[in-house]
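Take this structure, written in structure tokens, and hold onto it; I'll ask about it next.
Letters A, B and C mark the chains in the order given here, with residues in each chain numbered from 1 onward.
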């Protein structure tokens, strides 16, 4: 197990280096993706490696393109591209999500002309009768577009094959994260974060294989005493800072689920392998755990988070919101109230920059754990 | 049983020594650049005043921004829990604690048993903290300690609308250049802090009785604004500045440590 | 020089009357009017509502009223107490708080029977209307208009056309009556007519000196936003156009002498309109056009007045905010040429990310292609706490020196 984790750690520490090696070894192109609505299956079916662009914290001068009130995920990605650390990419795929990403796509298209650019305008309203047909037609366009830009032919079998391998990844990640929450594998939230970060830039075949090997280490019985730890759920947009998990764990927390775009929302729901491949891929986007940028009923995110908290016996939920991330900020008050009604305490923290965890976060996490502990314990009147 | 609480804030290091539920000694020092050294110095001063040795104090809890730097503490507890404990000790029955320190401000809501049921802290920006007052006091060339006295003499409250400290400072400077009275500007600064804090109180649904702790509690101007905006009295315990340290010492005395 | 009395636009009075009547009707108990109320986004498809005799109400228009009345900041603070981040759109924060406390100059908007949200202007409205739908429990219709980064694609057209049919069905369902297609044709024709008139009004500023500035346009915009599709709007803009042409004949302008002609980008700073107007006018600078108010006639080329319903998909999807920033830059370049402007002022609006992100690129493109100086001022359309007067003032002075 140690070797597998080390392999993931090595890749997560520098996903770009992995991609460059992959490119040299295979002679095939690498295509950058942004967010969990980028159809990785299609990129892979076209013979390219989907590479998840997550800001590394490099300085690239994004301030010349984006104002101070832009979130750090968008800024850091642009910084990486401007600094040249994404120069190995052959292209980028931008699915439509929030307003900031919409403009980031424009800024990439106009300024970063070293690689090809494809916009994939996924529906924002997932609930209409026409959403599925529309998504399929958008995916068809993407296939044609990639065929032209990558210079390959994408057969139906390529798509089904890609869907199958990504399903294996999703099932693997899901099983491991569930086992971690149930304390049946020696893996904590910070390891999970590392694993998913690596997986999102790895050769899907290798990733699926490693995850399946890792699953063999899942035990029937608890692997360690977790009695005094406080079970915490996490929700928010993206988190690329492992220090967040460390801080929570050091404060006595035990993360039982994490709803980030790089975690639950990335591996939730598999593609129906019996359906037409593009239809299957399209349906997954309409049914998977929803990003707040999308409209899928009025309560779907709140319901899901409270259900997860209930199932996994979380005592508290931490909303880790990125400053200037509007969609999450709009959802926060109603989900907070929903959790409150079900007796689940929550805390919100606005991360200014995902790369640096503010000292105050430590204090707040500590105080939150102390508060949850005290709720259980009878305290002498002072 | 003798216990100590050491509260290392961004500006000052505070210490309190308690024996059987009675405050024996409190000390305040500037934190300086070495929080660990400041902590030791505060502890030494406490021991010296009461005339005991380190071995006589079985329970020591550290808190505050520099709580991890206190190597002689048994353990550290966040200032949220400490302020709650200290506030309940000084004013039993308190429901909401407003604590404004040098770089953090917080609102803590307690239940009838004195347990923390919710809390809020300022976001990363300095608006609504002691730092904001620091910056403004130096822009106005007034001693920080005299801000309350000045705002008490204001005939009107100058409008300062910006929440950002940098923007607000430039507003203050332009008010100065327009010849606005310093008293009125200071009243405006206090109003600005007050509105940030009241907004936090409402966010966590805090209610009376209120008490205020932390260094800024010594500023009568801020306390007055809070009382006006909350429509209730805001008590300031005499131990306001050392409340976190007192709370830490109280927690150290609890059986379940 | 014209006298202050001559400088005043007389049709202002008529606008105030119409808007007052409009809000009085909207706020009259529904039992008396027999009409349903819809809340709708500013870029939303309002014409079918008029065809169904529904009163459309615009939270964004009300947000502007709150901002101009300097009542927004307090409402924003209220929303923050409810847990909404201070970085969210100040229209949205203000409106969410308004619903709770009946705030603003007319004590809140009448409760909606339905909510109509079109995301062609931003993704923010989607989240905002979800909040409203949870609060009021009113049915929500979302018109999802895929963004056209580089062009209007066939699949987007098919998708939006489907949704237009869903919209009609939604209205039939909520109103409990069949859709009136004949009425729709009339309303569509009136809408196109009003948009054409609005365009003519805005084009009067090609004259030197311009008979009005964009600060006037921000005010007269209320009608094209809220009442397009009605005879009232058509009559009104005919009157306004006549007055503008009269001013041109008499050589009356707002800024005398008009030394510099400027273009404004983004929403206005509602609580500082007068200040901006006076500040620039004191240097002899007037805003002869802006990208915001012209948005309400910008898709005329895609509208078919004989088949309004059929052309709605394209015209509502292709509004300028729903396109790429290169397209938005082209628009400004065209404006600089058309109105013979000396420079462009960009309002970097903390409340409106899709309008503001990309402005740096747009600025670069405009500079390269027109060689005109550009100025960026950071503010917020409604939240006064995000505005630093002294900082902006210095920048304006420096910009004028560049002209």
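What we mean here is this: a contact is a pair of C-beta atoms (placed from the backbone, for glycine too) under 8 Å apart; a residue touches a chain by one contact, two chains touch by 3 or more.
Model, not experiment: these values are computed from the prediction.
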Next on the checklist: I'd like the most central chain, judged by C-alpha centroids against the all-protein C-alpha centroid.
Outcome noted: A
Checklist outcome for this item: Leading the contact tally is the pair A-C
Next on the checklist: Based only on mean CA positions, could you tell me how far subunit B sits from subunit C in angstrom?
Outcome noted: 46
Next on the checklist: Counting only Cα atoms for the centres, state how far subunit A is from subunit C in Å.
Outcome noted: 36
Checklist outcome for this item: Distance in whole angstrom between the CA centres of subunit A and subunit B is 39
Item to check | Junction residues of subunit C - those touching two or more other chains | outcome: 82-83
Next on the checklist: Touching at least two other chains at once: which residues of subunit A meet that condition?
Outcome noted: 323, 350
Item to check | List of subunit B residues in touch with subunit C within their complex | outcome: 161-164, 167, 170-171, 173-174, 195, 199, 202-203
Item to check | Of all residues in subunit A, those that touch subunit C in their complex | outcome: 64-67, 69-70, 96-100, 102-107, 109-111, 119, 121, 123-125, 128-131, 133-134, 137-138, 140-141, 292-293, 295, 298-299, 321, 323-324, 326-327, 329-334, 336, 348, 350
Next on the checklist: Using the touch definition from the top, list the residues of subunit A that touch subunit B in their complex.
Outcome noted: 323, 345, 350, 352, 358-360, 363-364, 366-367, 370-371, 374-375, 377, 379-382
Checklist entry - Can you list the residues on subunit B that touch subunit A in the complex? => result 65, 77-81, 85, 88-89, 92, 104, 113-119, 121, 123-124, 250, 254-256
Next on the checklist: For the complex, give me every residue of subunit C touching subunit B.
Outcome noted: 73, 77, 80-83, 86, 384-391
